[in-house]
Every structure is written in C-alpha cells, then in structure tokens.
Amino acid sequence: MVTVTVWNEYRHERTDEAVQAVYPDGIHATIAAALDERFAVRTATLDEPDHGLPPDRLEETDVLLWWGHEAHDEVSDDVVDRVQEQVLEGMGLIVLHSGHYAKIFKRLLGTSCNLQYREDGATERVWVVDPGHPIADGLPESFELPQTEMYGEPFDVPEPDRLVFVSWFEGGEVFRSGCCYLRGSGRIFYFRPGHETYPIYEHEHVQQVLRNAVDWATPREGSPRTFGERD
Amino acid sequence: MVTVTVWNEYRHERTDEAVQAVYPDGIHATIAAALDERFAVRTATLDEPDHGLPPDRLEETDVLLWWGHEAHDEVSDDVVDRVQEQVLEGMGLIVLHSGHYAKIFKRLLGTSCNLQYREDGATERVWVVDPGHPIADGLPESFELPQTEMYGEPFDVPEPDRLVFVSWFEGGEVFRSGCCYLRGSGRIFYFRPGHETYPIYEHEHVQQVLRNAVDWATPREGSPRTFGERD
Amino acid sequence: MVTVTVWNEYRHERTDEAVQAVYPDGIHATIAAALDERFAVRTATLDEPDHGLPPDRLEETDVLLWWGHEAHDEVSDDVVDRVQEQVLEGMGLIVLHSGHYAKIFKRLLGTSCNLQYREDGATERVWVVDPGHPIADGLPESFELPQTEMYGEPFDVPEPDRLVFVSWFEGGEVFRSGCCYLRGSGRIFYFRPGHETYPIYEHEHVQQVLRNAVDWATPREGSPRTFGERD
Amino acid sequence: MVTVTVWNEYRHERTDEAVQAVYPDGIHATIAAALDERFAVRTATLDEPDHGLPPDRLEETDVLLWWGHEAHDEVSDDVVDRVQEQVLEGMGLIVLHSGHYAKIFKRLLGTSCNLQYREDGATERVWVVDPGHPIADGLPESFELPQTEMYGEPFDVPEPDRLVFVSWFEGGEVFRSGCCYLRGSGRIFYFRPGHETYPIYEHEHVQQVLRNAVDWATPREGSPRTFGERD
C-alpha cells in the first residue's frame, strides 16, 4: 500500500478564528480525509519533534504533501536536507498553494519561486491544458473555485516538465497552476489552489487532483542510482 | 541582412469589406511594415505561382511568417514539403493566429492543432510567463488587446519547448499564446494574437513581438546535419 | 486488461534466410511472446487487409508496437491517418529500431527522423540516464547487446520530453536510444535496439523495456478533449 | 560590450606540478585568453576578498564562467546567494567540468549533481546532438579529446532544457556533456570537458564552445520580473 504523509505547518488553524471555522482540525486533516480511502495516510506538523518527519518516518513515506504559509523559516535545514535527499531517491512531493515559498520547494527548484498575489476572494477557473495527463484523470475541461486568493504570473520557477493546469482569475490574471517536475528519481507536483480561509480542499475536483497527484508521484522501482569512482 | 518572407493567404482582404477596412493592402503589408526597418522583407501570397514560394525564394529566406485562415487546403503539398524541409535545415517559421490550422504547422507539430474559439470581440490580456526570453524583450509584464477573437484550451499541440505568453480572456478562458519549438535546426514560434477584422497587427506590443520573434528565429551557422551510412 | 497490438512489416522473415533463422515466426511473434504474460496481445502485419489494422481493431488497441524496415512506403496513408488519430486520442505507440523511418513516426514527430548507421555487428551498451523513469524499472545501470547495427547522432527528432536511454557503440558513436513523447493524449516511445539479423528481442533486458514501455504508454482516463466553437 | 568574469578556484595550479605544467598561469588565464578577442574578460579566484566577486563586480558581469574542484566547500554561502540572485535576474552562468559539484550549481539545479568518474586518460569523443543550437555553431559533427577524465551516467541533474552534446568514452561510458538550463531569466550551460592535468582548454573546438556559450548566455533586455502584492 502507498504510504502518504500530509505535512502541515498547522499554525493559523490554532490562532485565527476565520481559519478555524474552515479547517477546525487543521488543513492536514481535511487533506488526509480526501485521500484516505485509497492510501495509508498519516499527518505531521511543524511543532512536533523533527516537525513530525524523523528519518524513519520519511523513509517509509512514498508521497509527502506539503502545506506551509507563515512559518517557512522555522523549518529546520536538517529536515529540508532529509526531504530533499528522499525526493532525489524517489519519494514523491506535492507542494500546495503557499508552499511555493517553502524552503524545500525553493531548494529543489533552485529559483526564488516568487509570484504576484491579491487576496480578494474573487473567482478562479482552473483549466486543464494537458488532458491526457494522469493528474487530469476524471476532471472536466475546467472547474471553478468561487472564492480564492489570486496568484499571478510571473511565477519564478523552472519551466515545468509538464504543465497540467492554467488558472484564469476574475481580476485579469493567469497562473500556471499545476506544474510537474522530476528531480533525481522523485516526482514533484505543485498545485496552486488552496487557501486557509476558503474551503478549497473540500472541493470535489480539488480532491480528485490530490488523489491523482499521489498516484502519479508514487515511486517506481527504477534502475540503480550509483555514483562515484568506477573501475 | 536577415531575409524575411511574410506569407499571407490574402483572400478575405479582397472580398470582405470589414477586412478591407482594417487591412486595405492585406495583412502581409501591415506585418511587413512592422518589420521592415530592421530586416529585408518580402511578401508572398497564395494566388501567386507556387504560392509565391518557389524553391529559390525559400532558400533565400531566413525567417518565414505565415498567415492563413479559410484556404488552408488550397496550399499545395509540394510547397508544404519544401517549407518543412527548409525549416528542418534551419529556416525560422512564425505562425500567426488562425495559421494554427495551416498544413505546414500541423505537418511540423504532428498533432491536430485544434482548439476552442469564440468570435466575440471581447478583451484579451497577454501575460509574459518567461520574462527572460528574447521574444519578451522590451515588453511590459502584460498588454491588452481590447477586441479579439477568443482562443481557448485545450490547444492540441506538443508541450512547447518554451512557453512565453499565456492569454487571459474576458469570457473566462486561457490560452498558451506564445509557444516555441525547435524542429530539426529550425526555430518555430506560434503567436496567437491577430485577426482579420481587428487591427491587432497595428498594436505596438504585437509588432514588438513579431520583430523579437524574427530575431529569435533567425538561423544560426550550426553544425553539420549529416545522415546515412557511416564508414 | 490492456490490449496490445504488435505490428510487423513481416517481409524479410519470409524471404531472407538469415532473418528466418533468428525470427522463424516473424519478429512480431517474438515480441508478442515477450509481452503476453501480462497483456492481451494480438499481432498485425502489412500484407493483411488494412494492414491488419481496420478501424475497430485500432479502437480496441491500448498500445500499438511498430516494426518496419524496407516497406515503409507501402503503408497506406489511410492507415497512417487512423493511427495518428488514435494516438492523439490516447493510444500508446512504441516504435522500434528501423521504425524510426515509418510514416507514422515521421507524421507524429514532424521531422525527417533521419540518423547515421553502420551494419557492423559490433557491441552496443545501453545506458539508463533517467533511473527513476518507469521504462527503466528493474534494469541495471546499463546492459550490453553483443552484436548490433549501429545508429549514430544526429538523430533528427524533436528534443524528447524525456530521454531514458543513451547508447554507446564500440565504433565510437552515441545515440539517444530511448525517447519519450506525448502527442495529444497519446504516449509515444521510441526504442532503438532491435535488428532483423540479431536476436535483440530475445534479450532479457530488452524484453523488460518492452513490457515497461507498454505499461507506461497505456492510456489514462484523462479529461475531455473538446474542440471547436464555444458559447 | 559583453562583460565576462572567469572564476577559478586556483588552488592546484599553485601546489601541484603536474597542473602547473599544463596551466602555468591558472586555468582562468587560459580560458580568458580563449575568450578575450570578443568580450571584456576579467578573472576572479577563491582566495581574493569576496572570492573576487564583490556585489558591484557581479552586477557588472554579463556572463560568469565557473571552475572549481577541490575547495567547493570553501565558497561562502553569501557569495553563492549573490550569484544565484544575479543568475535569476539574467546573468549567464557557464559551469565547467568538476564545477558540477560547485555549491552554486547544486543550488540552482536542486539535485545532487553526482555522477560516475574514472581518471584514466582515455579518449573522449564529443558528439553534437542538437546541430542547430547556437552553442554548436561552427563545430564538426563530433570532436575528440585524446586524453580525459571520464564522467559517466547517471548524471543527477534535472532533464536539460536542451541537450547539445553527448560524450562517448573509450572505456564504454556515455555522458550528457552539454546541458542548457534557464533559471529565472538566467541562462546556465554545463560543459563537461576540462581537466586540470590535460590541456583541454587549449583545444580549438573546446574554445569555440566556450565562446559560443558566452554568446548564448548573454542576458537579454527581457520583460519585468515584478513580484509581490498586486492592486
């Protein structure tokens, strides 16, 4: 069975009533519930020892989902090192919304991962631009999120290996909302939708994307990654 | 000096008053005028012998721009063969708007090149998503075309080598509007904006894109393309 | 169950004793035998009606393998049209060795697909350059084919979406031997090894690649590919 | 005029007689001499203050070449931060041979950048696999380096945006020797050939590659990279 760890910063759910109202048990609980019919799902949060990601836990993880927002800097470099190493060895990584600014995402992509934003609660329409991609399985040609925070281009990331979604925003912006990368033997998927004060992760199609992305990011057996001196 | 040939179907400008009003001398004349300060520009049209593209003319051409709309099927396969061969040998090709359905574009890309569209004259905003790309030189972060025909995803083309522009449409769609491909030694750029009844090619930033694209698509010296049996 | 059709030109096996000695029942039979424990495998050959690929047969096919060599020109354009359409709608296509020059491969890639070659029976070593790719599952870091026909660069194909294998040849050449493409919703894999007078398709690792490639190329459910005018 | 800075660790040239014999004034001097007819070239080395790369110096630099080998860890993180930021803003970066393990290369690519190697002084043949690429301008289809250190796959880097060269090694290995990346607005080129005890940078075609790579990596004007909150 595929082992999934949902990581959440889990801060504003404990301090901000508006966030509590939407995600009373934390964003990780909502995401885990969306996944758990098909996978062995566990959660981990920033304030646990080792941020809930000690070495043995990471080694057992096939796919790690990452949500962070206001405390990216509190994630220890040791944990970032370990997650990076695991990804290069094949662990899948799914980075959500404001996680674009997480240390681990910037570490693996090498760019600033900066973007434009506006917290206006206007409509987003997510378009599938790669209809044959496994992460688009079972989706309509587009779907709407009635209220979101806008993210706009330029998005300072490397050109994705595959671009699956492009978002349209009511206010006039566009964004590459579903970006696939391979780094080492690990599959990385960045998915834009998600916000702490809108119930984005309750949305049927968003949940479908999360399940599809876990499937896609699950490690393969692969071929040896042997480095160093040769005879 | 870089030799540019602007090819135009040149049919509706001669039969449709609405088009004549916008492009009295043909779309090719407007495009040529936008380019000719910096390049040796010639034009060619469908109803000339060999569609204005006899072999010697093609061999002298560094970059070919292509506009077509309602008579794609009248382009002879011989001319398509010759253009394809020239592109593989290094000639640049810039395909404009409804040229997405031109035989030569489908030939070089291998897909249906189909898309969605709506002729509603609503606003398009073209966003730069690759700000360091030469085709984006001197552009603002986005620019607006007040009235356009909408093109929407999915756009059935291979994943571009580089995606330079994404368009936002007032009606709720998005489109990958500036797509770069290399085929053989030739650079191909598809640019969405342009329509026969809106003065898109009079627009300052559209003209800048055309000039940048010609620069980008100009052939390099390269290295030998030698094929066949080796000793 | 995944339905696989192995297509073979099936000419030199019937006329050339050296080929008969290696592939007495045709190359298609050897390939089918390598696959058939895991898939519903059928074969089709050039001299059958519709080349063994009538419309209903193609519609039932999830993944098509293609071997051709000396009779590429005898494949009818109608069949090429149908195969192209099926690939764009999601059917997987695996093109083998001299199939690089098949009409359907050139149609889907848009380039000459030309290369250099030497029929010298020298050693090839196939290196995995993308160890996390599903097509490399279970392979060693490299494997040797003691006698092959050499294929050398330049290989006139679009830059692969993913490059899985690079071959080293005893005579001093290299070749991009495992190239992945997506066209429409269809996955295409070109695999270089294979020759009519060497028992390449009897090789354990080559057979593993074929099985992996069929898995990788199997269509997904996907999202709608709707084109044309929108309201 | 394009301003180029050639950075060299410059250690073994001062301590190892075998290296001194090949590069008496340092590898940077040989590289600078190969470039200086066409560019404004300066050099910088590890043991200068700020490693010779104070902020104003970096800001003036259009293209930075990087050679390092045994002292990667002595490069300060502050300098790595600054170089990364400059690259994202458009500065070109050319990383040479053992620089694959430089902090700045790993920072920008996000992977381990590990590989296999053997210091056997055997022959390398560098093949052009992308003959239309500007970095291949004026090169033959392949060229030989009679004595080199071997680098073999797997090379743990992201799939290159464009792969220009693949090397063949006498001992049976292959390597992706010329890899292009875009990160932010900056162009990055990794070029494998080069070794401290073989006169690789005296080689005519290697010098041609260096000049071509500087041309290719020179920043363009581009379009604004504006990030943060939008109205």
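As written, the chain order gives the labels A, B, C and D, with residue 1 at the start of each chain.
Keep in mind that, in the parts below, contacts are C-beta pairs under 8 Å (C-beta built on N, C-alpha and C of every residue); 3 or more make two chains touch, one makes a residue touch a chain.
These figures come from a predicted structure and were not determined experimentally.
Chemist: Since chain B and chain C are copies that touch, just let me know if over half of their interface numbering is common to both, same, or not, different.
Modeler: Here the answer is same, because the shared fraction of interface numbers exceeds one half.
Chemist: If you fit chain A onto chain B using the CA atoms, what's the rotation angle, as a multiple of 5 degrees?
Modeler: 180
Chemist: For chain C and chain D, what's the span in angstrom between their mean Cα positions?
Modeler: 37
Chemist: For chain B versus chain C, what separation do you get between their C-alpha means, in angstrom?
Modeler: Taking the average C-alpha coordinate of chain B and of chain C, the gap between them is 33 Å.
Chemist: Can you list every residue of chain B that touches 2 or more other chains, as numbers and ranges?
Modeler: Expected reply: 128, 130-131, 141, 152, 154, 159, 161-162, 173, 182, 184, 225-226.
Chemist: Inside the complex, what are the residues of chain A that reach chain B?
Modeler: Interface residues on the chain A side: 125, 127-131, 141, 152-155, 159, 162-163, 166-169, 172-174, 176.
Chemist: Under the definition above, what is the set of chain B residues touching chain D in their complex?
Modeler: 90, 128, 130-134, 136-141, 161-162, 182, 184-187, 219-226
Chemist: Quick check on the complex: what are the chain C residues that touch chain B?
Modeler: Residues 84, 88, 107-112, 114-118, 150, 152, 154, 156, 158-159, 161, 173, 181-184, 225-231.
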